[in-house]
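For reference, chains read A, B and C in written order, and residue numbers begin at 1 within each chain.
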Amino acid sequence: MWERVTEIVRKEFRQTLREPRMRGILIGPPLLQMIVFGFAVNLDVTQVRLGWMDLDRSVESQEIRQRFVSNRTFVITAEAGSEREAQDLLDRGTVQGVVRIAPGFGADARGSRQTEIQVLLDGANSNTAAIVGNYAAAVISTRNKELLMAQQTRKLVGRTQNGPILLRIPSVQPERRVWFNPELKSRNYFVPGIIVNIITLVTLMLTALSIVREKEIGTMEQIMVTPIRPIELMLGKTIPFAIIGFLQMNLVTLIALTIFRVPLNGSYFLLAGASCLFLLSTLGAGLFMSTISDTQQQAMMATFFFFQPAFMLSGFAFPLRNMPQVVQWVTYLNPLRYFMEIVRGVFLKGSGLDVLWSQMVMLGVFGVTILFLSAQRFHKRLD
Amino acid sequence: MKWRRFRAIFHKEALHIMRDWRSLMMALAVPLVLLLLFGYALTLDVDRILTVIYDQDQTPQSRELVERFRGSRYFQIVPGPANYRTIVKHIDDSSALLGIVIPNDFAHRVESAQEAKVQLLLDGSDSNTASIAVGYAEALILAHSAELREQMLQRRGQGKLKMPVDVRIRVLYNNELKSKNFIVPGLIAVILMIIAALLTSLTIAREWENGTMEQLLSTPVRPTELLLGKLAAYFVLGMADMVISLIVGVGIFGVPLRGSTLLLIVSSALFLFGALCWGILLSTITRSQLLAYQLSLLSSFLPAFLLSGFIYSIDNMPFVIQQFTRIVPARYFVAILQGVFMKGTGLEVLWMQMLFLVMYGALVFTIAVRKMRQKMA
Amino acid sequence: MQPHEQFAVVLEHLTKRFGEFTAVDDVSLRVGKGEIFGFLGPNGAGKSTAIRILCGLLAPTSGQAWVHGFDVAREPERVKQSIGYMSQRFSLYDDLTVEENLDFFSGIYGVPRERRPERKAYALKMAGLESELPTMARLLSGGWKQRLALGCAILHEPPIVFLDEPTSGVDPIARRQFWDLIYAMAEGGTTVFVTTHYMEEAEYCHRLSLMYKGRTIALGTPKELKAAFGEDATMDDVFIDSIEREEARTA
């Protein structure tokens, strides 16, 4: 039996590497995803374009401006002289926020009266807005503290009989310590996830395509009149792509480590083991896809569109945690979700089996189930 | 150009579309699924952040701070014992994103008007959520800090002293900071791209593969008639989809539409036209459905999805890629969509993007006609 | 009167090269109005290429051709309005019904509104598909498809009809019935230009030309051709002998 399987495996490798379409799938998507998610997509807010509307033009307002500028996050790219100009800047998207200082600001500050600064944010991209808002608030808060201290000193010096009191002011200072991705690079978040995407796409599509191609050109019939048994055909058709998928996983990992410098804090073997379990699911799905498609084109479209939701609901780009509860329950049926957690856990958190055992189990369960059911269906179709 | 021949082609294409379940699925099911996903399921909003609070101090002052976190919609406190070990465990197994440690000298320091530090321990793996979460936490702590100062000043009889500078933050356009408000409008661009590029990329290649193209070529039909006839059928489909998306987005998901609906429809029509011509162009030059499909996926759908600014803002992309997005038509359309929906801006702000769409449409149409003439000659 | 005004189809030194390969090599012939003219030859002989040129689908490399008095290279549009073409794969739209296919081609060929119902009825009757109006084209068997395709090609009453291997893959009875249709058309004054590789169909043509490797190696009525090869010669003999002679000549 194994000779026959080996024959098929060998044939598959040859065909896959020869056909430009298949080769394309092997190289294209991984490359594309890595370029896009490794380089292009960047959720980090590093440079905020700010508009400055200073209607006061006092020493004090200049101070505030100085504070913003010296914070490397903000870049003042435009000045506004009026409400309309400010609105226009925001409407056009020229700036992401406008700091607005009303006339009388300096006078109020000098006279120790409370005054205010307005920060208008472009809420269009809500996450950027949240980050920008928090940054701006922090800058002003720091300034506040300084001003308050100065005020105190001015007001109180000489008040007591015992001499000037350096008034201390209570302040609560947050101190952040970031674990696992200390620079908070979104690249570290995305790139490990690419492994999941790539393995899924490649193994799924190639498995489905290779089987459907035989159906299309008629060689499937040819094969069926030989002494081959369905199980051998299945093995022959899935083993090559399991190997390819595994190799791709390694390739992407290598690139992630070297070019993108994503840390691999956990065990490679855990990653490899999880990949193998995950492959069971994707290969099974590929088998299934091949039973519902008659032409290669159908297979491509079916895999692509059928799996878009699976990709979206895997936690790759959109955190699962914030989805509506119902949707979260649905994601429990998605093997990609578990593999994504494992991959991110292994790369960034250095998590081991003790933390990830439940995901591994789920992967195993799903893998075996999907593969088994698909194999049944495949078997039936052949007879 | 003969109206009659155009009509015959249009009628035939319409029949094809309605009878091909694959096309229909792409035209109706996929947009609906996408709308459902992005309008309902997928969100980039950050709230109810799972937080563990380890209060080492256990004083009224520390509890005051804890209450602030508890009362905030952004934080969801994880129940159970809290200490360093549990924080580590929760963060490791992702049952918490944030650990807050209030040191045991917190109240003492606050009372004696010194600086008290509060530790924020953060799971950085999801950097985006983490950045926002820590931002909210820091903001909350700073606000508490400011309040403490005020209280102290009040108590010391310097009640007149207030915080020197009060910050008023106003969020324009999307003051609830709902991510779906900016994603769903941009989604329209993606949906139209699917119809336009993917469906049309198959149409001419399919005629070549079936042999019916040759038949058509032997008839008096002209390249322009063929192009426009096919285009018209998909145009109707695309605009129908756009209207559906609009109704679902605004009516069901409550995405605000503040600008001119007319501008929306006109820009959609322009964009659709250009995208359709591109799809037909690909179909004409490749003659193979599979190849046309892959090319259109690569050149239309993916850029529209990833590089148009629909979810991932172009601002943060590396310079080279930012420049590349200049030739992605979806970028301009998404800018118009987000402007019209959220900002309520009009032509005076968006004219440049409209101009680009017009130019793009004209250019691709010309090339498509020329290529078709070449292939038909 | 110029030959191309007198004759339905005229080819003069028509040549078509694809790079190094010469598909049609210096072919000259004339087909009269109402004639059934056959282009015979093995696969790859250049028959389909020649027909494509005559339909305005390909441009000749050199030489000239006129169809219904119009130069195929200079006025392909007017040629297309005067011909009906049935391609080798009887290209119908599989996912359209019989009626929808007819309506489509009616629109494409610009059949005048008043004439549409009449022509449609005629095509249906001719094809025997009156009761199959709502049937999907892909559900029709080979013979029916063939006749529907012919029907679609003549809706606009073209004076000349080009049929490229119209009977390939069709059973012998359907083939015979099809040729009955062709005869009926010719009797009605339509010129029919047919290609085929079935030798027995050669007998049905008024005149025919044998093509081999792009050249015309024999031209005449079936009777004339057979006579040149001796008593009891069949078209097969004519064919094989001609080819052998050609091979010998060019060796």
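FYI, a residue touches a chain if its C-beta (ideal position, glycine included) is under 8 Å from a C-beta of that chain, and two chains touch if they have at least 3 such contacts.
Please read all numbers here as calculations on a predicted model, not as lab measurements.
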Chains touching both subunit B and subunit C, listed by label: none
Among all chain pairs, the one with the most C-beta contacts: A-B
Most centrally placed chain - per-chain CA mean versus overall CA mean: B
Relative to subunit B, chain with the most remote C-alpha centre: C
Subunit B-subunit C separation of Cα centroids, rounded to whole Å: 57
Subunit A and subunit B: spacing of chain centres that average the CA atoms, whole Å: 14
CA centroid of subunit A to CA centroid of subunit C, Å: 62
Subunit A, residues touching no fewer than two other chains: none
In subunit C, residues with contacts to at least two other chains: none
Residues of subunit B whose C-beta touches two or more other chains: none
Subunit A to subunit B touching residues, read off their complex: 21, 24, 28, 32, 36, 39-47, 49, 64, 88, 90-93, 96, 109, 112, 114-131, 133-138, 140-141, 143-144, 147-148, 151-152, 155, 167-186, 188-189, 296-298, 300-301, 304-305, 308-309, 312-313, 317-319, 321-324, 327, 341, 344-345, 348-349, 351, 355
Contacting residues of subunit B [partner subunit C, same complex]: 2, 4-5, 7-9, 11-12, 15-16, 19-20, 210-212, 214-222, 377
Of subunit B, residues touching subunit A in the complex: 22, 25-26, 30, 33-34, 37, 40-48, 50, 65, 91-94, 97, 109-132, 134-139, 141-142, 144-146, 148-149, 152, 158, 161-175, 177-179, 181-182, 289-290, 293-294, 297-298, 302, 306-307, 311-313, 315-318, 321, 335, 338-339, 342-343, 345, 349
Of all residues in subunit C, those that touch subunit B in their complex: 55-57, 59, 77, 80-81, 83, 85, 87-89, 91-96, 100, 103-110, 162
